[in-house]
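Two complexes come next, and they have one chain in common, subunit A, joined by subunit B in the first and subunit C in the second.
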Partner chain A sequence: MASNSPKLTDSVQLPSNLDATKTFYGIGAAGLIASGVGLFLNSEQFFFSYLTSFTFFTSIALASMILLMVHHITKSSWGTVLRRIPESFISKFWIWALFFIPIILGMSTLYTWTDPAYVAEDPIMLGKVPYLNEPFFIIRQLIYFGIWGYLGYKLHKVSVEMDKTNDWGLVVLLRKLSAPGILLFSLTLAFASFDWLMSLDAHWFSTMFPVYLFAMSFQAIFPIMILITFWLHNKGMLKNTITQSHIFDMGAWFFGFTVFYAYIAFSQFLLQYYANIPEETLWFYFRLEGSWAYITYTLLIGRFVIPFVLLLGRDRKHNKTLLKYTSILIIVLHFLEIHWIVMPVLHDVNFAFSWLDITTLVGLGGIFMGLFFSTFKKNNIVPTSHPTLADSLTKQYHQ
Partner chain B sequence: MSTTKNNLYGILAEVRNPKELIDVAKLVDKSGYKNYDTFSPFPVHGMDKAMNLNKSKLGWIVLGHGIVGLTGAFAMIYYMMVYDYPLNISGKTLMNIPAWIPVMFELTILLSAFGAVFGMFFLNGLPKFNHPLFNSEQFKKVTDDGFFICIEAEDPQFDAEKVEKLLKNAGAQNIETIHDES
Partner chain C sequence: MSKTYEYVPEPALVKGNHDFSSITALVTDINMRPTPKGWYIAFAISNMLLLVLLVSIAYLIWEGTGIWGLNQPVGWGWAIINFVWWVGIGHAGTLISAILFLFRQGWRTAINRFAEAMTIFAVMCAGIFPAIHVGRIWVVYWMFPLPNQMAMWPNFNSPLLWDVFAVSTYMTVSFLFWYVGLVPDLATVRDRIKSKVGKVLYGIGALGWRGSNRHWWNYEKSYMILAGLATPLVLSVHTIVSFDFAVSLIPGWHTTIFPPYFVAGAVFSGFAMVLTLMIICRKIYNLEDIMTVDHIEKMNLIILVTGSMVGFAYLMEFFIAWYGQVEYEKAIFIIRATGPYAWAYWIMIACNVISPQLFWSKKIRRNVTLTFIVSIVVNIGMWFERFVITVSSLSTDFLPSSWGYYSPTIWDVLTYVGTFGLFFTFFLLFLRFLPMIAVAELKGVMPQADPHNYDENGEYVEPKVEVPEPKKLNS
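Right after this comes the complex of A and B.
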């Protein structure tokens, strides 16, 4: 590096007093044990709650993955100083994959298409058997988690290696990994969304659904990165590294994908609402009748109208107080929306919130954040050797 | 003096690089001048701050147009679909808002885009067929490698001698008086 290029002035090691790995593992274990009790009390509710929570955290990891790959392939510099946050979410995805096992065990409870008697009576379901059958389902899951686990591990490992070896040539490897990675990611995410969520109501289909899940998750990843940044700032970390301009960038992405999410979610709704074909409309019928309708309108207002109005102004996209509360709102609503996708299958008349929703959320959340911190503390929390680091550090905010 | 001042446009000066341009702009701004502008072949980082420029009003113009587009579209469809020619479409209510949203969205975007483009024209004083600065031969360098600052005669505290002295002391070269010959 040239002598006059900007240097990192902050400490890049997470101090041991901020390392929350063990706390989170503890919380996670407690939550999972409590959920385990629920498995015996009400196994049906347990599996649906578990699927909701698992999808919630997985969607965050997957959004991190696509964000990183897009960042690499576009040779971007805006997010170089932020990159370790998404990297830490995905580096141990292969361990996270093990938490899918309960869903495979609970398949016969979750998915009606696993019941041969039900399928045999239903000509529509008979037509779907070549895709929706148990062995193929399990094979597909192995493929998804194999691809995601490998990408997550590799994207993090190469990036960290660059810190140690100062070998900038590794950015080419990251790009070569990202190009096919984006393609594979899109395909696997699409089929995973069909498998996990859409096949809960196996009659229903929407070609927009994968994009919808992606849009939701991508809207939620920025609030999470914003909150982690604020937490670091609050503890006095990276104050000169992640500056107003980076916070503004995240705010702008957040705003942009709020609009994108609304566009996709509405497109999915409008086509089926307008065509009014029973097998399609039924999915929305369950969500617009009974007290589920309140959740639907909460999502419309809370996930689009409120953040849209609040974040529209340019100065507001880096207003810390505003960003903090909007971020919390979106993360809560992201969970609620996945709940809204999954739960009407089980409770088809009225909104029902079970204590198992909380325990599985806390349990899996503890593990997820524990995995995050175990990676985050081990490496520099900012890439210290990267061709675009200087650009990223000197990034200026423009009026 | 008064007769020449009538068609005096301002005083143009050249500096060597973007850094100097920022320094001169800061100095001119501190000296209390309001009507001046800087010219460079590419956007210079930090110039907004150096010239102490206010935030652009364009955003508000776009917002206004967007709101007019949204409410205008709603009013239009309401008039057509509910009041003027009510039509039962596959048993849905007349106030079939989901079906209206694409049109409301499109009109919002259309008017916002118009607001952005024409608002930008308006704020920049475009279209303009000529500009007094084009009378200067040396000013042609501004699209290549020249960095210029011009203090306009319109400025309330404009005094040709003082301005020349200020620019000269700031290290600017090729100081030239520009006349508006139109």
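Right after this comes the complex of A and C.
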């Protein structure tokens, strides 16, 4: 045995006192019950808030999925020790899919294109009927969630199986899953973004929209992984396994995709603003008038300018305090941005924040994190048998 | 999961039994050997083509842009197509040298020098077109915001002006990046070359490099900073090129996905061009140990990914053209697929979307001949993509009464063919006089550079992770 073989010295099992599954399920149930009350008080607000919160958590799961698949096909090693975090977000995606049902039930409230009277008198809407109709919408959702549920389940299962069997050949299987997975993922994400968010304003269209949703979500996945890592470190877990170098890598990705997000979001805005065609600019008009404008500027400054300036320096990309606060900022603003996409359809003049936004967020968040912990606690929290593990463990941060 | 797979460790980046000195010799001897005959022949042909370019430009300046096939309503033709095509080809160089550097991809070291050189020459070819297309070339300096007594400024709202800044910045940074990377290798040639003149010339280029710790420290810092600068630049250049089209109201041009779609297309065509040239060079200069089939496979994967991204963008455009229910948008996409330029459209689809899908097969990815063919097919396809975008949208615009058909004249063709002369003239000079592989960087990714994981007897051992005790899982 070579003298400098890397050692996995940390415990790789989540102690039971850190298992927050039940706590989160409890919080989730409470939040959902409270939201249920809201359904009777203000059903319209309920559905819009629910869609916002659902999209927020789903986007995190989807970003985890693409991150994992890219990690597999590029045979990367930087994230091997971190991999169980995104894997646990997606392994039970098929259960999470059930929480889409309320959106289907609320379709007629959420989407104007479900109203036959409205469609009948609008020639543009009539033209869209072959795509925007209720049965086809539901069929599409089954396809999306079917594909994502399968990919999520399988990517996690094969990875965990490698821990048990020590069969490195399974990395080939993971790659064989990921390559077509990425293709299917891009197509389903694209049409899902049209269905859930773009068709809220059934006239508006933008070919960039899927890329925009992807860029947003991918920027937000790194703050989430960073915060979970800090939490684990705080509890004394994986301190020698996830090191400064991994934190730096996440910081670098975070920074990189902050710029990418800004690039995509700005390009989409600029092209529609510059061309100035009414059917396109209306979407931005609603978001640049009234108090929605403040949210727009908050997003511009908070989601790009602040993290860009703060994380630009090399040493700052692994500064724990800085990363912690920037991460919290981005996660909050990711929610706010989805809110900013969804809510002007309901409250078209001024920014309106409802208590239902909070309860649905807490309710769905509880379930989402509960599903996460139920998976996370069951398996090794670091893959213990993987060809790239040695590289990942010995990664050094060079000044 | 009845099927089992076998784990294959990553192959070494350099094949053959090379050590540091044999790598140095393999690469830099090319610069020191007497010039081969074949090189003179190739250089002569390139020079003739370059002459064709010069004559075409001279005639253009003498006679005016009327010698091209432009008409009403097609006011943009081969010049912009060639400009976008050449700029796009340049993008692979920066992707390989800067972005793959930031992603710590060791395999880039075999091809980065080569690809960066290609970038610079491709951008030079591209830059010719905006400069010569202006009609009155003697006032071309008006493109720059120079203080002048006429108080006449360029239109800062126009993406065509942004292009001037974007491309010139990109060119400058690419050149600096390339040169910084060259310094240690120029020093190597300086130290090895016998000729007196060569020693002086390479010595000037090497900026007094002695390989001290401090030199390396500065080198790595500046290389990192330039990589960081080049990365957003590679996106910005083609983004602004796409803005040239996308900010307008022309159906088929105005669509928001254009920026990332153009960037993906650029990387796609650039990788294809790198492959074409690299497959020839590795053969001629016996560099198959460095530019291995594994490298070709990795590049083919990038071609597959970017080709599919381009396909994805075509699909989005098509879908949203229908979904948006804007009459003109719908019409232009139907006209593209069935109208007077349908032949070009289907060439584009076949070359860009379908041909790279061959690379799903590992066998084809590792087949050098097929790769060579596909790489050329892709470049043809990407030229036609720009042709379809530019010409089909303009020739059938809003008013059917003003529709027209565009065909190039001999001068369009000669100017384009001539740019290959410019490109290959410089490229051949590069191959002859500069080390075409980043020797210093390549050594850094060889196993000798990382002397770890040897057992007591000095034998190499795969690193293996020690796990405290095999955990039984509570499933």
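Rule of thumb we're sticking to: the second predicted complex is superposed on the first by the 395 of 399 C-alpha atoms of A that agree within 3 Å, B and C clash if a C-alpha of one lies under 4 Å from a C-alpha of the other, contacts with A are read in each partner's own complex, and residues count from 1 in each chain.
Note that in this section contacts are C-beta pairs under 8 Å (C-beta built on N, C-alpha and C of every residue); 3 or more make two chains touch, one makes a residue touch a chain.
Small disclaimer: the values here were computed from a predicted structure and weren't measured.
Here subunit A is shared; do subunit B and subunit C fit on it together or clash?
On the shared subunit A, the partners clash.
After lining up the shared chain so the two structures overlap, which partner does A:V171 touch, if you call subunit B first and subunit C second: first, second, both or neither?
In the superposed model, A:V171 contacts subunit C only, not subunit B.
Using the superposition on chain A described above, determine whether A:K128 touches subunit B (first), subunit C (second), both, or neither.
In the superposed model, A:K128 contacts subunit C only, not subunit B.
Using the superposition on chain A described above, determine whether A:Q396 touches subunit B (first), subunit C (second), both, or neither.
In the superposed model, A:Q396 contacts subunit B only, not subunit C.
For A:G313, decide between first (touching subunit B), second (touching subunit C), both and neither.
first
Kindly classify A:L183 by the partners it touches after superposition: subunit B alone (first), subunit C alone (second), both, or neither?
Touch status of A:L183: second partner only.
Does subunit A have more residues touched by subunit B or by subunit C?
Partner touching more subunit A residues in the overlay: C.
State whether A:P210 touches subunit B only (first), subunit C only (second), both chains, or neither.
Only subunit C is touched by A:P210; subunit B is not.
Go through the superposed model and pick first if A:Y274 touches only subunit B, second if only subunit C, both, or neither.
In the superposed model, A:Y274 contacts both subunit B and subunit C.
Between 26-34, 44-52, 116-124 or 206-214, which subunit C stretch has C-alpha clashes with subunit B?
The segment of subunit C occupying space taken by subunit B is 206-214.
Once the complexes are superposed, what residues of subunit A are shared between the subunit B interface and the subunit C interface?
Shared contact residues on subunit A: 270, 274.
Show which residues of subunit C lie in contact with subunit A when the two form their complex.
Touch list, subunit C to subunit A: 1, 4-10, 102, 104, 232, 235, 239, 243, 246-249, 254-260, 308, 312-313, 315-317, 320, 323-326, 360, 452-455, 461, 463-468, 471, 473-475.
In the complex formed with subunit A, which residues of subunit B make contact?
Residues in contact with subunit A: 45-46, 48-49, 53, 55-56, 59, 63, 90, 98-99, 101-102.
Which residues, counting only subunit A, touch subunit B once they are in their complex?
Contact set of subunit A toward subunit B: 266, 269-270, 273-274, 276, 312-314, 396, 398-399.
Provide the residue numbers of subunit A that touch subunit C in the complex, in ascending order.
Those residues of subunit A that touch subunit C are 1-9, 12-13, 75, 78, 123-124, 127-128, 131, 158, 160-161, 163-164, 167-173, 176, 179, 183, 186-187, 190, 194, 205-211, 256, 259, 263-264, 267-268, 270-272, 274-275, 277, 279, 378-380, 384-385, 387, 389-391, 393-394.
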